Each structure stands twice: as structure tokens, then as C-alpha cells.
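After this come two complexes, each holding subunit A, first together with subunit B and then together with subunit C.
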Partner chain A sequence: MPNTKRRFFVRSAAVSVAVALGATALAACGSSDDDSEAESGPVSLTYWTWTPGMDKVVDLWNKGQGKKDQITVTVKKQASGDTLVTKILTAHKAGKAPDLVQAEYQALPTLVSNDAVADIASEVGDAKSKFADGVWQQTTLGTDAVYAVPQDIGPMMFYYREDLFKKYGLTVPTTWEQFAETARALKKKSPDTDLTTFSANDSGLFAGLAQQAGAKWWTTSGEKWQVAIDDAASQKVAKFWGDLVKEGAIDNQPMYTPAWNKALNTGKQIAWVSAVWAPGTLTTAAPDTKGKWAMAPLPQWSQSENVTGSWGGSSTAVTTDSEHKAAAAKFAAWLNTDGDALTALAKESGIYPASTSAQLSGAFTTPPDYFSNQPDFYTKAAEIAETTAPSAWGPNVNVAYTTFKDAFGKAAKNKSDFVSALTTMQDDTVADLKKQGFEVSE
Partner chain B sequence: MKGAPYAHPSPTTTLKRARSAPYLFLLPATTLFLLFFALPIGYAIWLSFHKVKVSGLGLGAGARKEVWAGLENYTDALTDSELVDGALRVLGYGCIVVPVMLGLALLFALMLDSEKVRLAPFTRLAIFLPYAVPGVVAALLWGFLYLPDVSPFYFVLDRLGLPQPDLLDGGPLYLALSNIAVWGGTGFNMIVIYTSLQAIPAEVYEAAKLDGATPLQVALRIKIPMVAPSLVLTFFFSIIATLQVFTEPTTLKPLTNSVSTTWSPLMKVYQDAFGKGDIHAAAAQATIIALATLLLSFGFLRAANRRNKRDVSQGGAR
Partner chain C sequence: MSSLAVSKTGPAAGTTPGTAQSSPPLRRRIALVPTVTLLLGAVYCLLPVAWVVIAATKSGSELFSTFTFLPGTGFADNFSDLNAYRDGVYWQWMGNSALYAVLGALLSTSVSAFSGYALAMYRFPGRQAIFNVLLAGVLMPPVILAIPQYLLLAKADLTDSYLSVLLPQILSPYGVYLARIYAAAAVPADVVEAGRMDGASEWRIFTRVALPMMVPGMVTVFLFQFVAIWNNFLLPYIMLSDDERFPITVGLQTLLEQGANTPALYTLVITGAFLAVIPLVALFLVIQRFWSLDLLSGAVKS
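Entry: the complex of A and B
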């Protein structure tokens, strides 16, 4: 399915849980000290990941650094995203989680809350300087602990058909207001063509757009969680897209369907708000339009701003069930900071690295094949990645995301009020937190 | 504990063995039943009476505890409008699927059984074949055909200047989903009915012919009443399959905004267990669905049996 294909090409995020957790909550978490003494004898580790080609990257470790340290890593290929979180939690219940797991940034609070991932601050703390602050913060949840090493990020960008923009006499929008004008202008010139669609089947897109607008969905104050999914910034984003759908300026059909592929491939939809991994998706969705697309920064809410959101992105975490946490942490740090490893990750798996130095390394001097017409693709991408707004994830992102799909799916279908769908999302998320027993401040 | 019981079994031990023999024969089946059926069900029920309690911010070790919930999960499930709506949606879906599928199955079986049929083995196979297509594949296949932008049907409709209904929305969605189930299930039910038609003794037909019955009369007065038990059976299977509908709507979901993640009750169970991570609520809902299925299907079987008995006794009295 197109959905999984997209996930192949890096889901990533940038930036972080702007969560200042009370130190009290953490007293219980500092647990990795028990095996920080040097490992002796050969160690073998299991690693659950969905990244394609990861086995080849791990081979580099097993034949090089790993051989020296007598640490062998075995890759067990898994389903992506939320499915893996469920699997990790189930395995953790039985005390049998693998040593290393891949986790999306927004899943980390859930994993930490279930005590499934270990604090590896003492082993990987030095790696901090290799990443942008916002990215690193997502793996610490704003605390002194470090729960994972960032692997890839997904700064959001605006993709458009360069040739068709010229044909219809459109200019690339730099603000959202211009974006709406562009959509209307296109409708006037070619009623059958849409600028883009509002899709309700990937919550990460809306979360990223809200993040760009300055939303912080989960924060804490003292011992209480604060949920602000329906804050002013998110409402602004919801209303903007809802109005466009309502007036018929853009389409309301979901992404990643055969119909969507065809719309992109035949020029029925001529732009896509996406992230750095888009070339991979476009390669499979719209193969005939290769070389006709271009990438630009995301439109801004005001002319003076320069900020983007993130959509996707993942990290490597060590589980609390691992008997060799220090060895596992060593591998996690190597995988995501070592030059050779990152080059291999870029080549074999097509990921966009979280490590700032790797973003401009040799693997990224040439643009993706699909974007051969835009030689500075990755230079631009690195510049955009730097402007990623901080994100704020909480312990029940899964619930909010599920509610999003249903509430916004319905609103998009009926062309009804998006803001009330946002309220549903807020209410369901708060209700779920309360039901579970979390302290929530209103 | 002395003596040599193995060499010379006393009459009493032989008797004991004879008495315990049936239990020994039952042992493998009972063990398997307990291990792989009763135990998981018991665990699900146990889960449904518990819930997770988080304290404070819920971060770190020991922040989560499994506590007794009593009937809380059950009251939540029964008052959850999504579950009730899902049940109603499935009811609407079942009202289309079951009569159409069984009606077609009966019709095809009767046609295949008639004397004038040509190419019977080929036709039988052709009708049965969709049953061999996995549900996910069938749903994907039809999903593509339902999408206006990629479907050849819509291309033809467009060329002919005919209206192009959106099959993935509103009322037509039920037809679209039912169509997949009917396409996939008719063959199986047809085979069941056809097999029991073949079992009707030839002398019955002979007698009917002598009495001057037309083929239509034979079908209505002899064949259908005589395959009634098969019809009851296929109806029973169909009800269960309808209540458990999951594959088709789940596969169509990514294609349209009209199918929510909780469209059918089982999808809601799946969503709560694996989407929201609330295995306890999911267990309670699963228990409720299982009970409802049991009640409905066995209720139907009992009603059908009672009718049968009454018919038989009435027939005898005549």
C-alpha cells in the first residue's frame, strides 16, 4: 500500500517535547546504572526496526566496530509506526522486549510512560552536540534523562509542479494566505484541477501544520498534563483548511489511494504539502512526472516568519528489558552519529538523517533522482530543517491521532466545521487521559 | 503396593480401566479445548474486568498499575454510541448481504441441479471460485473498481454519458460492501445447498413426475422444503460472518473518508486494542460481541428447530 511505501522513506520529525517534567517524576526512571560497568565477553543484541536495508547497515557494524567490541546486532524487520509500539508494549509486558527498538518521536512518551525504554543518558549523552537542540529535546522529553538517539527527521516542505505552475500562471505561495489565493486562482483557470487535497488519513500532517503555527499539544505543569489540541494556533490551521475544503478550492479525498496517485501523476493535483521524504513517495505515486516537481519552503502564517513543522521521524531506543543496555546504547550512538553508518543509512534506506553534520555529508551532495532538476535540493532541505518548530508530544498521541482520522475524515467528507472536529479531538484525548488516571489540568 | 498387577490384572482393575477409557479418549480434545479455547477466553474475561490506573504524570517505573474495574468497561462499552452505531451499521449491511447472498446461492444451486443444465462443472467452479479469493484481496480488487478515477466501469459510464454514482459514500457504501461479501460468499453457500440437493433420492422426483409436476413445482414443493436444513445452516453461518465483518471495511477504509476506524463493532475492538492501546476496554467489547453472536445465532437455530419439529408433527397428523 502507498502508506507503507511512504513510511519506507523516512518518517521524521524535528524538535521536541517542550515538556518540562517535574524532577520528582523522574526520580523513578534513572535505572540504567545497574549495568553501566564495562561488558565483558561477546554480547548479541536484537533490534526491531522497519527501516528497509537496515540489515546492510548493521552488517557494517558487525564486521567493523562491533567485531572489535564483541557486540553482534541482529535485525528483526517489523511493521512500522504505531503497530510496532503495540508490539513493543506487549513484549515488554512479558519481559521479552528486544534490546533495541525503532520508535517515532511522538511514541516516545507512550513508551516511557509504560517503562519500556531505558534512560541511556550516561552512555549517549555525548552525542547531544551532533543534533539540533529541538531534535535532541524530543528524546529527553525535556528532562535530564535520554530515552533514545535521534535517527531521522521529517521537516515539512511545499512541493509543486513547476511546469504546471508556469502553465497556469501561478506563483509559489510564501504565506498561507497566498496559498489560498493560489488554490482559488487555479480553480478559476482550470475547474477540474486542484492545488492539493486535505487528507484526514495521516494525522502526522495536521500535527506538523499545527506545530508550525506554534501549537504545543501536550505540556506539563507540575504533576499535571495540559492538553491544548484546540488552542488558538491549531484552530487557525483547522479553520484555514476547513474553509478551503468548504468553498471547494481544494479536494477533500484522502492521500495514498490509487485515485490520489493518479491525480498526482496526471496533473489533476499540482501541489503537495509534505516533508523531506516526499521524493520517495512521489517516485512510486507519480512516476510519469519525474523531474517536473520542485520543492520550496512551507508557506508561512506571516511574511516575517520562517518556521516549519515536522511530519514523521524516528529514533533508536534501548529497552528496559535489555540485559546489555550499555552495549545497546553504544550501537545506537554509532548507528546515528558515525559517518559511515549515516552514509549507509542514506544510501540503503533513503532516510534523511537527524544528525546535522550528516545532512550536508557526501550522500546528500546530489539531489534525489526524482528531483534531478533541483540540484540544491538537500542544501535547501538542511536550511529548512533548521527552522523546525519545537513539538510537544504526550502519553496518548495514539488516541489523539485515531480521533483525528475519524473526526476530520467526517468533516472533510461533509465539508463541515473543522474546528468542531478539533474540539472532538481535544475532548477525546483529555477524556482518555483522565480515564487512565493521569492528572490533567483544565 | 506389592504384587504384580501388570502381569495379572485383577478383574477390578480391568473394570476400572474400562470405566476410565472414555475419559482417556477425551483427554487430548479436552486438553486442547482448555488450552487454546477456554483459557484465552477466560483471560479475555479477566482482562475485561480490569483496567490500567496511572498515577501523576505517568512517567517512569511503577506509574502504571492494573486494577479491578468491575463492570466499568462493560457499562462504558454499552453506553458508547460508536459501538451501538457500529452494530446498527452492521445490521443494515446484514439486511442486504444475507438475503441476497442466500437467495442467489439457492437460485444457482437449483439451476445447477436442474436436468437441462449445460457445462455444470465449469459453472459450479466459476461461481465457487471467488470464495477461494482471500477477503483482503477481494476487497482491494473491488476497492479499485469503486474508485471513480481508476475504475474501468466509471470510464465506460463517462463515455456513455451516464451518471456516475459515488459508491464509497452514504447509502451506496452499504451496497458496495455487501457486493464484496455476496461475490465472495455465494459460491460457498451454493455448494452447501447443492450438495444437499444431490442427496434427495431419485424416487421422489420420479413420483413427482408421475403426478405431473412441472420443474418449477418440483423446485418449489420438493427441493426447497427438502434442503431447508441446509438453508438453516447457511443462514446460521451467514449471521455469524456478518456480525464479524472486519476485513472488507478495514481494507476499504484508506480509500474513503466514509468508513471510520470504528465502522463495525469488531473494528472498534481492534481500534481500542491496537490503536488506543486499551486492551481492557477491547476485551469487554469482544465479550459483549461474542455473547450477542451466541444469542442471535443459537436463538435462530432454536427457532428454526422448533418450526421444523412442528412441521414434522403437523405433517404426521395430516
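Entry: the complex of A and C
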């Protein structure tokens, strides 16, 4: 009997070795196709994007200009967020990233430092004039290279319940000083109502507020990164919100929760510091209060200033894995500068375009449905967008954002010191940069 | 409450029925502590399911404003919206999930049965080593393998294909482990020996004698693997870029994460999640009768 057993084992071992060999052989032929001189003839590109309705916009290209140039683009719809950056980097590691990717501005340095997106300055450099300087600068990272074409932006604004402001006798704050006064006045008149909340879940919101105050979190000098998350401007912003939370003038619960939706919908929170895309969020979060909100510029740090930060926004980048960079760059430029494309993007996808001329185009003559009471919504929005302060992102925004959530989450819950939370954020970000092998000057 | 009260008169709640030292109880007593614990456990498990079912009936404006467990009026609208989303891509996802889960679980179960039986019945050099490696595999969460598996399949040019999701899920260390334990317990060595005496080939003994004895165990492996694949997120997320090949888990995420300027489609996601649970429930109800676990049922957790 042992003989039979032995034979059985040997046979199965032989089979599995054969399978393994087959797999290696397969792998060997898989990695050998490398045709880089495909400049003429039809080209087909893949595009990872999360924008809803993007396939319809891309259809315009495939049937129009793309057909002429023999460049066909296929949309592969993805989920947005940090996970997509990881997915792109993983695919890039295997040399399999798509030709085009949608990337949020703060993710670009990460993609650039991993050599995942290509410099397309020679192909799209002319598009610079179509965008505000502060927007364009986010895609160059302050270098001569251009790593993406801006698609949409999220200039920050102040949203408030017009009817309830009247009811409580409040005026719309134009400075942060007045904002704090308004919060206190409201607390006095209606102790159960909050002006707004400080959300420790939304790192992007805090980053935008710091940006408005003049913070530049990541900068480079020579080959070294400089991290200034705890600079004076950011400390000012952290202290301002920390004090409001501490004295109980505003709420300390996170945004984008069912409880927050309810608070907005029932008038328990009557204002929201947000960005141009707020109407979409309000439509689902507070459906019963449609037509009762109004938009105003963000409060300023001093009466004479007129700046805003940005929260959100994304760009179209060409990957280094693409074998047709020129064709991909051509499409990226068309998508974000062509009038028809931008109108379609606004209509099909509801984005707010980065291109300055598109911000006042036909698609934006009527206000969003939710804000039908404010006919000049988009004229005002375009004026505000022009005042966007430049932003400075680094290669590990995700780490800074995660520590923000932890440190500020704790501080907001305990109503403790926000400035020391900011220091934690600074220290962790610097430590991570060093660990990743970047040179950091202190 | 009367029956609960009866149990209090017994010796102590929680003792095994039939071991009472005093006069034998007239009625079957209910052990209070285990019953309450199980009831709490059931509530804990069923509440979220109830939430999904009820939330699926709410329209967008009702979702966050009405009482949590008050049914809404929007189910038909939610359903038709989900149907219409990107020309019914949801059903494509559902089909993909079914394909991955059915085929993957079947293949995985057969691989497990073969290898489990071999490990339990044959003595060969390296057997213990293989088994130890397998145990290590059981302890390793499959999540951390997803990225290496992606890089491996990328070398073979198989990413973004149905195979890329199926292949890595065919070998389940846990399934092999279960099959080995079950084969050792359910297939007596004497029976195998008797088969050999009668001149049956090893293959014949396995298919005709051992396999029928292993069926209940294999049903368990199938179910576990089916549920694991159906619920798997990271592997298909990393492997696939074409949303026509997404399973439900990855597909629904694209409805939630549409970028900052587009609100998440909560009602569609909840309705989609609700519909995605139905096949699992149906599967369990149908397969339950093949599933007499006895010795495994206590030791096994998903």
C-alpha cells in the first residue's frame, strides 16, 4: 500500500510543478510587448474617472474631434477618494495604469513623487491662459512642468438660512470676528440652535480655511520639502475654531452624518461653511429647506481682504505608463477647455469648471435648482472663484489628513486645545515625509 | 413570561436539562441565561438587516428625516432609479457577483475536497509541512495578499479580467483545512482500506466512497467560500478597472464615492445592498437541509 500512496503524491507533485512552469511561461510572454513608436494610426485610450455622466461627455469627443484625430477614449468609472490614488499607484507599479486619470489637486504631488503622472507641459502649456493662476499653479506644483489640466474647482463660500437669519435678527458676517459674534448672538437667542459645527472629519475644509488665512503647508526649496502646517496662519485658524468649540458657541459634531443632515434639515444648524458644490449636498441632506438658503462670500480675516480657500476640485492627468502621451494630453486639454465639452460636463456631471470662461457660460446663467431664490448665484460664484488663494500640496497629504482626523477629532470631542492638535499634525507629517525618504528642512 | 418564571424555580438557570437532582421537572425548562443571550445576539444581528430593509423603502427626502424604523414610500422609485442607473449596470454587477461566487465557490470546494482528503488519508513526506503552511495561510487575512496577487497577475497580463478575480479565490487555506478535518473525522480509515482490498482504484474510492461521506462538510466549505467571495471587496477592487466587470461590492462603492461635488446616492446604495442580500438569504435557506454540521458547527466562525 505505501507504494500506491507514494505514487499518488509524486504524480500530483509533478502536475503542480507543471502548472507552476506554465504560469511562469505565461508571465514571460506577457511582459514583452513594448511598442513605443505608435504615433500614427488609430489610438485608443482608457480613462479612470469618478465623475458621473463622464461617458456621455467622452462620447462627444469620440464622435467629434476624436474621430477626426483617430483617438478613441474609453471611460472606466471608479470610486473617488484616497483609495483610488492607491489603486493608481498599485497599477503603476505593475506598469498597467490607464492612459488618463482623474486626480484631486492634493493627490497630484503624491502621484508625481511616485512618477505615476507625466509632464505634459509641451502638449498643454497653451491652456494656461484659460485658468486662474492659483488654479493652474496646483497642476505645476510650482515647477516648469505641467502634470495635469484643471477640471473642476471648489472655491469656498458661506451658506446660511436666509429666513432663520431674519428670524433671529442676525446679519451675514463678513469677517471671522463677526462670524464668532453671530454664533454667540444666536446661542443667546436660541440655546438649542447652532450657527454651524466644526467637523474634525473633513480635513479638506480645514485645509481650505488655512489656505484662506495664507497658510502654505508644503513648499520646496531646492531639493528639500518644507512643512508649515503649524505656521502662524494655520494656528490662527485652529485657535479661532477651537475657542468657538470650547465656549460652546458652535457644535463639535462631524458633518456628513445622518445627525448632521437632520440638523440642517430641521434648522438646528443654520449656516454652513462650504464650497461651490454645496447645492448638490444640500439637496440630499436638507431637502425640506429648499429655497430657504442663500450664499455669501466667506468671512474674511480683515475687513480689507478678499480671499477664499478651496475645498475639493480635481484635474485630468496623463500617466507615465501611457504609450500615447501626446494623444492623451490632447484629450485632457479638450475635455477641460473646449466650450462644448465644458457645457456637457456642467450639464451631465454637475461640475463647477476650473476654466474661467466656462464659469459664466450658458450652463451657468440660471442658479442651481436648490438656490432658485438667488438668481445671481453663479455670477457671484465666479467672482468668488477669482479670489481663490494659491494652495500648496505635498506628497503626503493623506497622512496629514489622517492625523488631522485623529488629533482634531479628539480635541473637538474633549473641547481641548486645537493648536496642540495642529502641532501633532505637523510632527506626524514631517516624520512620515522623512520615513518615505524625502529630505525635509526644518 | 410564565415559562420563564418556571425555570426560576429550578436549581439554577443554565444547567443542562435533565440533570436536575430534585424531582424531575414536569415541563421542559427554559434555561434563562442562554435564551436571553441568544435573543440578544439575534436582535444584534437582525437589527441592521431590519434597518436596511426599512431604509430601502424610504425616498431621498424621508431617509434622514423620518423615524428610523418607520417604513417609507419610496421603494418603487428607488428600485426603478437603481434599474435606470447607467442603463442597468447594477444587474450586470449582480450577475458578475453571482458568477464569481458560484464558480469560485464550486472550484474552491473541489480543490479543498481533493487536498483535504489527500492530507487526511495519505501519509507522505512533507505532509506535516504542507499542513503547517496551510495553517499559517488560515491565519493570514486574504486582504494582505490582494496587492501581491495583483502584481503577480499583472505579470501574466490577466488583470482587469474575470479570471483575475476568480483565480486567487480558488485556493482557500481555510477550506482545505476544514476539508482535511472533516475527511479525517467522517471517512473511517477502515472503509478506505476495505475499498482497497476489493481492488478499487484510489480515484474510485475517493469519488464513490469518501466523497459522499464528506458532502455535509463540503457544503459548509461551499457556503463559506460563496459568502466570502460575494462579500469580497479589496481583491476585485484592485484587480478590475472596467465597471462592467465589477461585483456588487465594488460597484456600490462607485455610487457612494462620486467626488466631493456630487452627493452620494444613498437611497440607491441602500436599495442595492438590500437586493444584494436576498440571494445570500435564499442560498442559505435552500442549502440548509444539506448542512448537518454537528461537530463543525461549534468550531466554525466566518
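One rule holds for everything that comes next: the second predicted complex is superposed on the first by the 404 of 442 C-alpha atoms of A that agree within 3 Å, B and C clash if a C-alpha of one lies under 4 Å from a C-alpha of the other, contacts with A are read in each partner's own complex, and residues count from 1 in each chain.
Heads up, the rule we're going with is that a residue touches a chain if its C-beta (ideal position, glycine included) is under 8 Å from a C-beta of that chain, and two chains touch if they have at least 3 such contacts.
From a predicted model like this one, the values you see are computed outputs, not experimental measurements.
By the document's definition of touching, both partners, subunit B and subunit C, reach A:T83.
By the document's definition of touching, of the two partners only subunit B reaches A:G437; subunit C does not. Of the two partner chains placed around the shared chain by superposition, subunit B is the only one that A:N252 touches, whereas subunit C remains out of contact. Shared-chain residue A:G154: touches subunit C; no touch with subunit B. Of the two partner chains, both subunit B and subunit C are touched by A:K262.
When the shared chain is aligned, subunit C comes close enough to touch A:P287, but subunit B does not.
Contacts of A:F377 after superposition: neither subunit B nor subunit C is touched. Touch criterion met: A:W50 reaches subunit C, while subunit B stays clear of it.
In the superposition on chain A, A:A91 makes contact with subunit C only, not with subunit B. In the superposition on chain A, the residues of subunit A contacting both subunit B and subunit C are 1, 26-27, 31, 83, 258, 262. Every residue of subunit C that touches subunit A in the complex is listed here, in rising order: 60-61, 64-65, 86, 118, 122-124, 147, 150-152, 154-160, 196, 202, 237-238, 241-243, 250, 253-254, 256-264, 266. Remark: subunit A residues 1-2, 4-6, 8-9, 12, 23, 26-27, 30-31, 46, 48, 50-52, 76-81, 83, 87, 90-91, 93-96, 98, 152, 154, 204, 258, 261-262, 265-266, 275-277, 280-281, 283-285, 287-288, 311-314, 349-352 touch subunit C in the complex. Residue ranges of subunit A in contact with subunit B, taken from their complex: 1, 3, 21-22, 25-29, 31, 82-83, 85-86, 89, 109-110, 112-115, 141, 200-201, 220, 223-225, 252-254, 256-259, 262-263, 268, 320, 395-396, 398-399, 402, 405-406, 409-410, 412-413, 432, 436-439.
The touching residues of subunit B, when paired with subunit A in their complex, are 52-64, 144, 147-150, 169, 254-258, 260-262, 271, 274-278.
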